[in-house]
Structures are given as structure tokens and as C-alpha cells.
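A quick write-up on the structure given underneath.
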Amino acid sequence: MIEAAVIGGSGYTGLELLRLLAGHPEVEITAVTSRQMIGQKVTDVFPALGGRLGGLDRLVFEDPDPVHLAEKAEFFFTAVPHRTAMEIVPLLLNDRAKVVDLSADFRFRRPEVYQEWYEPHLAPELLAEAVYGLPELYREEIKKARLVGNPGCYPTSVILAAAPLLRLGLIEADVIIADAKSGVSGAGRGLNLTSQFCEIDDGLMAYKVTGHRHTPEMEQELSLAAGRTVKVSFTPHLVPLSRGILSTVYAPLKDGLEAKALVELFHDFYRDELFIRIKKPGELPHTLDVRGTNFCDLGVFPDKRTGQIKVVSVIDNLTRGASGQAVCNMNLMLGWAEETGLTGLGLRP
Amino acid sequence: MIEAAVIGGSGYTGLELLRLLAGHPEVEITAVTSRQMIGQKVTDVFPALGGRLGGLDRLVFEDPDPVHLAEKAEFFFTAVPHRTAMEIVPLLLNDRAKVVDLSADFRFRRPEVYQEWYEPHLAPELLAEAVYGLPELYREEIKKARLVGNPGCYPTSVILAAAPLLRLGLIEADVIIADAKSGVSGAGRGLNLTSQFCEIDDGLMAYKVTGHRHTPEMEQELSLAAGRTVKVSFTPHLVPLSRGILSTVYAPLKDGLEAKALVELFHDFYRDELFIRIKKPGELPHTLDVRGTNFCDLGVFPDKRTGQIKVVSVIDNLTRGASGQAVCNMNLMLGWAEETGLTGLGLRP
Amino acid sequence: MIEAAVIGGSGYTGLELLRLLAGHPEVEITAVTSRQMIGQKVTDVFPALGGRLGGLDRLVFEDPDPVHLAEKAEFFFTAVPHRTAMEIVPLLLNDRAKVVDLSADFRFRRPEVYQEWYEPHLAPELLAEAVYGLPELYREEIKKARLVGNPGCYPTSVILAAAPLLRLGLIEADVIIADAKSGVSGAGRGLNLTSQFCEIDDGLMAYKVTGHRHTPEMEQELSLAAGRTVKVSFTPHLVPLSRGILSTVYAPLKDGLEAKALVELFHDFYRDELFIRIKKPGELPHTLDVRGTNFCDLGVFPDKRTGQIKVVSVIDNLTRGASGQAVCNMNLMLGWAEETGLTGLGLRP
Amino acid sequence: MIEAAVIGGSGYTGLELLRLLAGHPEVEITAVTSRQMIGQKVTDVFPALGGRLGGLDRLVFEDPDPVHLAEKAEFFFTAVPHRTAMEIVPLLLNDRAKVVDLSADFRFRRPEVYQEWYEPHLAPELLAEAVYGLPELYREEIKKARLVGNPGCYPTSVILAAAPLLRLGLIEADVIIADAKSGVSGAGRGLNLTSQFCEIDDGLMAYKVTGHRHTPEMEQELSLAAGRTVKVSFTPHLVPLSRGILSTVYAPLKDGLEAKALVELFHDFYRDELFIRIKKPGELPHTLDVRGTNFCDLGVFPDKRTGQIKVVSVIDNLTRGASGQAVCNMNLMLGWAEETGLTGLGLRP
């Protein structure tokens, strides 16, 4: 058993981490922090976690004091806003500690990119060390890392859809269209008008139509996959559901590729992956099939008529798009089977 | 007062037509047909329409016998499946009759296109006469028509978004991406597993990822707008809401165009249109703002970074995407103000 | 045309009032106030109301200065929180002014009851003058009133269901059970965690299980209807929808009453009412049938086996439960047909 | 490892059983039947269950031939409609077999009651042997049973709420009010208009307001708990969510009981129960807290003012209300810890 702490445990990402870790056979949660909820019982704030089965009734939200925390755990999940993460992670990373950071702070290869889209980086040396935590692309690096930058929800769905196209040289475009639709939990548990039920229910909107901060993360990884600069024309949409992202990726396809062959290429690309499921031709990915899981289901749809390929990708934004992937990264970093604690199937309906 | 009949009145399109016509000051509904519900009171099937205020309690679903119907009304809405429409419309179109057909049967300029995507056309001479019922593009033709092919819901949302780009020569691409998200009422009132609540609620899927039959309708109109052949890479998605379509249209933008100027160009293009509302820069179209109305709200988002333009379009698929547009077309065909009976504002929340 | 002002126009009740008044043929809106949004265009805050059709684009939220307002209108809707209403209404009520107050401040006959459930009343003399604005029970009094206390949403649904039972002496119980389920718009447009989408979506909860402030309003009216003290064991529930209340009222039924006769008695009781629809035996009220309307649909279900009667009542909490009823009251107070501006049918689906 | 079969595996109850059994450490699923889907892969019909992690990819729906099945498994879940269950269960129950039946066929003590609400019983001798599968009330009997009648979803929620009141003699009424609100999955996966998304979304209705077939089940168990005949005035409602039942139980409370004491009495009554969580005073049960789990959360609300007690009960109708409880019963029948395979926490949001 390893002692783990969740820094910033009062949001939806924290809640999902606690749910997953409560069922993880190798982990004991020894601390959960929240500035807003210091002193409150975790299971009073989140009654879903309560009861003897969960084993979390003893946990109390505490102040995120890094010195104190460093003694209480050897593995840390930082589920705090960006900037806060790069302030706190250096203080946690002592000799034995390992960290998965769920903010944006350790996802970028180049501090200039972070600065352009966010602000000046406070820990560029750690940024250089951090590994981008997408197991399908960086499994071996993650195993050796002590700091992993856990990917964003949208980037996870888009990169897993588009990376095979670029790695395998199936498309030559410099701009990829990524039209993504997300459930509302991606906006977090903080109060804002846009997330109020009556502003969402039975409705549909696009938001941050240009300039969403997940864009440079996709562009970094897809450019690396392509071996050239690739831009992403990314549009996020808010749909009336709690969990789930569906991303539809469009690009002009190279000539002469057969539909069936393309699906096969995706199968090959992800052949040994436990958490990727490629749909057979004609089958449609559905976010409900991945709800509460670490799966990414992919549908590959070449369209001869227009010369385009479309790849449809579905994930649960809280699990695969955040906390489930974080647990998977922890499993790799600690030498456990990567599916440990992540074997539940999708809750459908 | 004109006497109007609704042929095929037991689906959601029929229900919406009846709702709108009940509030129309110039129309008396004299017949409503439904093969499945012959003899049932309309307001028993649709209690929302009941009561003395609606004035529909006397209506009974009857058999769609064209000869009999031709005597009962002079204006006809055919809200029946494709093929059935082209069988029945020729029988209705006597000397005085006018028809708005809500099926796909009279939307195409060339019978070959209809044949390619549907089946051989049974009334090609009427097809040649029919006018495509998008008032913003064909107002004068509609005024003179006796047969209007009412546009599909997806095409309405996509064409209104993309036509200005092509008419004004702002884009040069031969393929336009149209990523559309629709509420479930677009699938109709018939029973099918995909429309069951538990298959939709809190989930998200793409469907008919290639080859949706609304594609040729968009391509016909956008090619006409462009003066060259334009293809549409169209992907429909099903989202958990009842009414509403949001379409996000992507295309590479010609160089040198300013963001603000683009929004202005859209304003100019639709300057006199009552049912088009262009969003100011930064504002976001929301399907709830158009719910139950004939509005199409458009947001124009040029993206210098990627060289793309995105246009976001929202409509109510049952109103602007079907029955509201049909009533608007009737108003034009009968010489009334086009907003007659369509002045209600969006039901929000 | 009469000049009307909406005091407190930035919540959902205000939005619904503006939607209805925009379509009212006899009303011109001359002022809309909101402390939080002074200087903002009404149609920027509520784009659903925008465009030339609505005619509201010129309106700007202004400060609720009563002196100034008294000059700008002769009819006032106060859609402000309780306490604020009893502060402002006395300042508005000059010689010619009439007011419908949508808060709780003018609903009670006795200031002691208000004090017990809220706080000491600041305008007891106006309270004595005010009429409880439920047209089915107090139509003639409303016509003569200059101040109407518009009923609460839950009380409207429960009183309309239970009043016939008590007035007609069909039940003798001293306690009536009222189990009510409401959409989230009843909680208003203010930010709170309980109204965030992810706390509501796909879930269900009871709240304020004892002591909800709408209880004394029901008890006042049902005791008056019964001619004796009647208590209501009231439980509100929050359900994942935006608009709609369904209340299920339970009471032991007097012996010897026939099911069919009971439905008939309800029909008779509400015989001339335009906005009440009694379901035939076997038919089920559905909130979607009344969405956006001033209807209350009632189902009457005697149960011989248990000796109980159940009455199921559905309304739209924003329309019949607030703004629609307010407009209806205005119509009565100004001598117009009570359905003026309220003839739209339910938006279904 | 025990070999288990799911008879009737293509509905939502079957799907939930398969999800739970896939994660059960002691069970191997050796057969799944469905008359409609013979020959189809289980994971093609239910892609949520697919992939190597689930281990179900080899399963194919087969014909429910009892003789053949009796050889393939020693434990059976029958998730078929009533009547079918009592036809098939006698054929399965050989020497070694044990059965949990999820239909209504083995829930009643007296065949006359079954006959009155359903039809004549075909296996009255098995009915006499069967144990009502509510572990909190019949744990020891279940452990010894070879046939368990798994309780209905509504009865589970209502009985767990009301049994303490009656067993402890806290109420003396002969009629209890049970107002229940259910998600749509309770209606099953079969096609019907009432379950179509657009008939449910954003709406609310009561149904089977008198005479729902779950009534006699509640009355049987609550009469046993009380030691006298108790009737239940039961009203089910359909709410727009997939999973979850909230039942609000009302009864007049005996005089002189303190609120805090009542909550304590519930705590004591369910002291050793893993799957019951009693809310502290002021806390509110929420269906999202139990989603996907076997928990029943209870809130106890005495109301001095009206002399009534209200108990609010929430369960997941597919898990605690069907398949989770069935697995729990299997665990007891086979001598395993009753929480085996049921330790997942609620998926929230």
C-alpha cells in the first residue's frame, strides 16, 4: 500500500479521484486538501463517498500546507488551478515523492508556449523534466517519471483520434479541424451562470470559439506526431450532460486509401492498448459506453465523396479526461499494472 | 381567413404546425390527416393543443384521401415521409390549391440528384416547378410559387451560415466542413431504440457520419451560392435535448479579411431579415434563444491563427427547421406579412 | 395601450414577464429595472428577446427609483425578493398606479402569519387591501383591486388541485399531503451550488422537507376553502427540468363517492375556466402540455381500495406559477379579457 | 469461481447484471440468453461491456433452453418478464442450481395475491419456498434459500423507508402514502412512446396513479412488519433521468416522539447494514449519491406542526432496485461476503 494525497480535492476532478482511489487496492488516501473546506468531513461534502464500504469517512479536508503534506504521503495528485500547481509542486517533490499534476502547468515542452497562452512559468526546470501523461504515446517515459503533466480532457480526446493519422502519414494537412462537445462537469464545481441548470438544460452552445487554452496542447502533441507544425482549428461546445466528451476530427485524406484498411491501421496502431476500443465499420462511438471509465472509443470514417477522413472519439472527461488517466499514470509510475483500480465498465444507461 | 389542411399531422412536425396555425390570425384548420390515428381527436393525441383557447377540440384525424381533401382546403401542408409526398402532392395541386411540402421530395433542382440519394422521382415536372423554401434566398420566387419544397432542418442551419461566405466570395474552398448537433425531435415521433430516453439522456453520439441525406440539399444550395461546385463534409450528432440544432461551419478564409469587417458583411447580407439575428463579436448563439421560434441566430468567428473562419448557427429544428419555415412560406405565398403567426419569442429557460 | 414597468427584471420571472408582455397587444413596456444590471441592454442580457419582432431592443435596465418609475408607467409588476417588495410597493402605489406583486409580501391575510414565516410586515395596511391573485377563486375581487399578491408557484398548483375537494366538502381531513416536484427555474437565476447543472442532471432530491415558506399560503387558502383549519404536509422536490411543477395531493375521501362523479364535480367546479383543463378518466396530466402557458391541467383519481383521493396538478412554474398569472391578473385589473396575451399553446416537445 | 447464467440478458436489468458480474471476483458468466438476439455478440449489443478488461467479448446471446442451460451453470439470474419466469424457473431448479428471479413471480407469500394482481400462479409450491430477497429484512432466510424472489424497485425503496416505522410501532395508520419518482430505465429497454426521449425530456408525469402492480408487494411486507394489515396509497411518477428512484413516505406520527430520537431509531434499526446510509438531520438524500450502487440512503423528517413523519428514500432502480440486490442475494446464498462485487461508489456527477 502506498500513501497518497489529493491536493485540491473539493472539485469534480477531486471527487472522481477519490471515487477511483477508494476502490484502488494498492492505495491509502492519507490527506485531502481544500482551501475552501478546511475542517469539513470529505464524506459530508461528498455523500456519494460515504459509508463503511468506501472507507473514507475518516478523511477531513485540510489546508494544503506542502511541508506538512510531504510527510503524509509519497504520491500526490495536484488537482488545483493552473499557477497554483506550479507554485506547490516544487514544494512537494522531495526525494521520494512523485506527482501527477492535473492542471495545465506541466503539459508543455516549451515555457514560451505556456507563457503565450497562460502566463510566465514559475518552474521551467520542472517543466523540462515533466512527462506528458498520455500512456498510449509516452508509456515508457511515464514509467520513469517523477512528475507527470496529466493531459487536458479535450486534448486527450483529440490527440488519441488524430495521432494515428499523423504518425502514419495518412494526412498531409497543416490544419486539422477538431469539433468537440463536452458535458458540463468539465467546467468544474465552481459557481457560474453558464453552468446553472436552466442555462444548459435542453440547450446547446459553442464557447471560446477561438483561442481555447487546450489548443496549444493539441498542437504540441500533433506536431510531434506529424514531425511538422500542425495547427488545430478547435471549437468546444457545451452540451446538456454531466460527463462525456465527443470530438469529431476532420482532415483531408491522402488519395488511394481504402476505408477498411484505415480502420485496420487504427487497430494496429492501438493493438495492445487496454483502454482504446476501435469501432468496427458502421458502429458508432457513444459517450455512455465510456461513462465512468478510462476507455477511449474511436470510430474511423473515411469519406471518399469529399476526400475527407473523420475520426470520432469519445471519453469520459472526468475519468479518461482527468482522474482516471491520472490514476493510470500513477500505476505506471509505481510499476503496477496500468489498469489497477480502473477495471469498472461503463455505467449505461 | 383561409382554409388549410395538414396532411400527416400526427408527428412532431405536425404537432408544431398545429401549434403555430392555432395562433395564426388568418388560417382556419379544416382537416388534419393521419393514417395511424383515423378517428381520434387531435387534442386527445396532443393534449397540449386542447382547451377552448386553442380552438382545435373539434378536429379529428382523418384518412388522407386527396380528392376529399382538395375540397376541404385551399392550402396544404404535407408533413408526410418522402415518396408519400410526391405521390400525394400532384393530387392536391388543383387550380386553386397551394402546397408547402415538408418532406425531401420537392427540394431538388435535378431529379437525378433525388434519384441518387433517395429513389427515382415520381413527379419530375412538379419538381421543376417547385421553389426551395428558404425565404432569405428565394423570397420573390416563393411569393409566386404554388409548390414550395420546405428545406430540411440541417440544411436550413448550414445554408444560412455558409451562403454569405460563398455569395460574397469570402472563401474559395471546394469542401466545407459542417458539424451539426441536433435535438432528438428531428428523429420524429416514431418508435426506435436510438430515440428512447435511456439511450440519449446524458450521452452523446455521432450518426450517419458519412452519407446523410441532407448533404445533397446543402451542396445544391451552396454550389448555387458559390457559382461553382461545393461539397459539404457533413456530420450530424445527436444531443440530449428535444429541440434545437447548432451547426458549426468551417472553411479556410481568404487572406486579408478583418474580423470586424466579416461580422459587418454578415449584417449587411441579412440586413432586412426579421428572422436572422447576427451576434455581436464575442456573443455566442444559444439554441435556447431560438426555441419555439423562426429565428436563426448566427455567430461569425474568424480565426487569424489558423486562417479559418467558423460560423455558428442555431435554429429550432421543429420551427425554423420545419413547421415555422413552412408557415413563413405560406405567408409569402398568400401575400401576408411573413411574420404573421410567428411573432412569439424564444421560450427560455 | 398602457404603460407598464417591470421592477426586478433580470431573473427568470422577469424574463418570462418580458416575453409575455412583448406579445401583449395592449401593453407597452416603458421601464425595466435591475440593481445588478443598470445600464445594460435588456436584449443583451436576454438575447432570446432580441430582434425587431420583439420590439424590446431599446430597453435598458435602470435603477429601481420608485419616484422616477411612478412617472414612467401606470402598471407595475414587482418581481423582486420579499421584503424589497413591501418596501417599494407603497412608493409606487400613487393615485393611478396598479401593482401585481410577484413576491410573497402581499399574499397573506394576516400580518402575524407573514411575521411567523418571514419577518415583521412593513406595510400591514396594504396587506389588508391586497387581493390574492388566483383568478379562479377571486376573479371579482381582482377586477377591483389596485394591488394583487400574485400566488406562489407551489401554492397555485396545490390550491387549484385541492380547493374543489374542500369547497365541495369531499374530504374531511385536517391534514392534506401535498407532494410537489418542481423544475429548477423555480430556484431563480441567482448562483447557487444546488442549481448547478451537474448537481441536478440525472438526479433527484427532496429539499426543505419541513417548513417550506409556501406552506402557510396553501394553508391560508385551503382553510378558507374548507371553512375550517386545514394543514398541509408539503414536500417539495427538485427534478431535472427547467419549467414545470407537478403536485400530487392526497387526502382520505368521504365514503360513497363514485369516481366518475368526482371527475364531473371538478368539471363543474371549473366549468367556465379557460385556463383549467380537467383530464378525462385515465388521462394523465403532463407538464409538457402546459409549458409556456397559463394552463393548469388536473387529473382526479379516487382510489376505492385505500379510500384516498389523489389529485394531480401540473403547471408551468414560470408562467401559471408566476408571470403568466401576473399578466392574467393585470388583464382582470384593467378590464381586458383575461386571456389577452396568453393564448399561446404549450411547447411540446 | 462459480458458473452463472443470465436468462433474459438483453434488457437494462440484464445489462446491469452483466456489468456487475463482469467485476465480480467469484463469478464466471457462462451463458446469457435472449430470444430476440440469438446469435449476436453480447458486446456488440452492449458496447459498454466490450474490450479485454470486461472479459465478456466471447459471450453470445443464446436461446433460453432450460435443459441446456442447467448444464452450463449452477447459478441463475432470471431477468425475464413475469409469467415467463414461473415457466422457466422450475426447469432450472435441479439438484445443485440456485436462482434469483428478478421478475414479480416469486415475491408473494400467497398465490391468491399474485392471482389478483397478475394471473393464476403456475408454480405455487415454489412460491411457497421462495424467499423475499430484501437482505435487511430476510438475511438469514436468503442464506438458506435456493430460490429468491428479488424485490421490485419501488417496493425496495418504500419498504426500506417504512419498515422501521412499522416494526418499531412509531405509526399506527392503516394507510401509508408512498409518492415515488423514478427514472426511465425502470420502464425497460422495450420500445414505447412514453419512453421516447421527447416525451420525457424536460417534463414530468404521474402514471398508473391507482393500481400499480408493485402495490401488493409493499402491502405484503409492510403488513408483516406491522403485524396488521397496512395499505399503501402508492403513486409512481416518471422523471427525466435514467437511473434513480426517490420515494417519499408519509404517515401520521404517534405523539411524543422527538425528531432526534427518530433519526437515532433508524440508525439503530439499520446499525449493521453496509448498504443503508441514514442521513444526519438536515442532510438530504440525493439519487446521484447512490447511482450505480447497492446503497439505499434514507432521510427521516418528523414534522411536529402537522403531526406527520416523512421518510425520503433513494436508490438506483437498476442496481439496488434490481441487479445489485440480485447479486447481493447471490452472495448471501453462496456464503460470500454480501458486498462482494458491489463495492463501487456512486458515480457523481
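The first chain written gets the first letter, and so on, giving A, B, C and D; residue counts start at 1 in each chain.
Everything that follows uses one rule, which is that contacts are C-beta pairs under 8 Å (C-beta built on N, C-alpha and C of every residue); 3 or more make two chains touch, one makes a residue touch a chain.
The model shown is predicted, which means the values in this text are computed figures rather than measured ones.
Novice: Figure out the least number of contact steps between chain A and chain C, where 1 means they touch directly.
Specialist: Minimal hop count between chain A and chain C: 1.
Novice: So how far apart, in whole Å, are chain B and chain D when each is placed at the average of its C-alpha atoms?
Specialist: Distance between chain centres, rounded to whole Å: 45 Å.
Novice: I'd like to verify one number: the distance from the centre of chain C to the centre of chain D, where each centre is the average of its C-alpha atoms, in whole angstrom.
Specialist: 39
Novice: Counting only Cα atoms for the centres, state how far chain A is from chain D in Å.
Specialist: Chain A and chain D have C-alpha centres separated by 35 Å.
Novice: At least two partner chains per residue is the criterion; list those residues in chain D.
Specialist: 12, 185, 198-199, 201-202, 240-243, 286, 288, 291, 349
Novice: Pick one for the touching-chains graph, please: line, ring, star, complete, other.
Specialist: Complete.
Novice: Taking the complex as given, what residues does chain D use to touch chain A?
Specialist: Spelled out, the residues of chain D in touch with chain A are 12, 15, 19, 22-23, 44, 46-54, 185, 201-202, 242-243, 274-275, 277, 279, 283, 286, 288-292, 295, 297, 318, 339, 343-349.
Novice: Using the touch definition up top, name the residues of chain B that touch chain A in the complex.
Specialist: Touch residues, chain B against chain A: 175, 177, 179, 181, 183, 198-199, 201-207, 209-211, 231-233, 235, 237, 239-244, 246, 248, 250, 252, 284-288, 291, 299, 301-303, 305-308, 310, 312, 314, 349.
Novice: Under the stated contact criterion, what part of chain B meets chain D in this complex?
Specialist: Listed in rising order, the residues are 12, 184-185, 189, 191-193, 195-202, 240-242.
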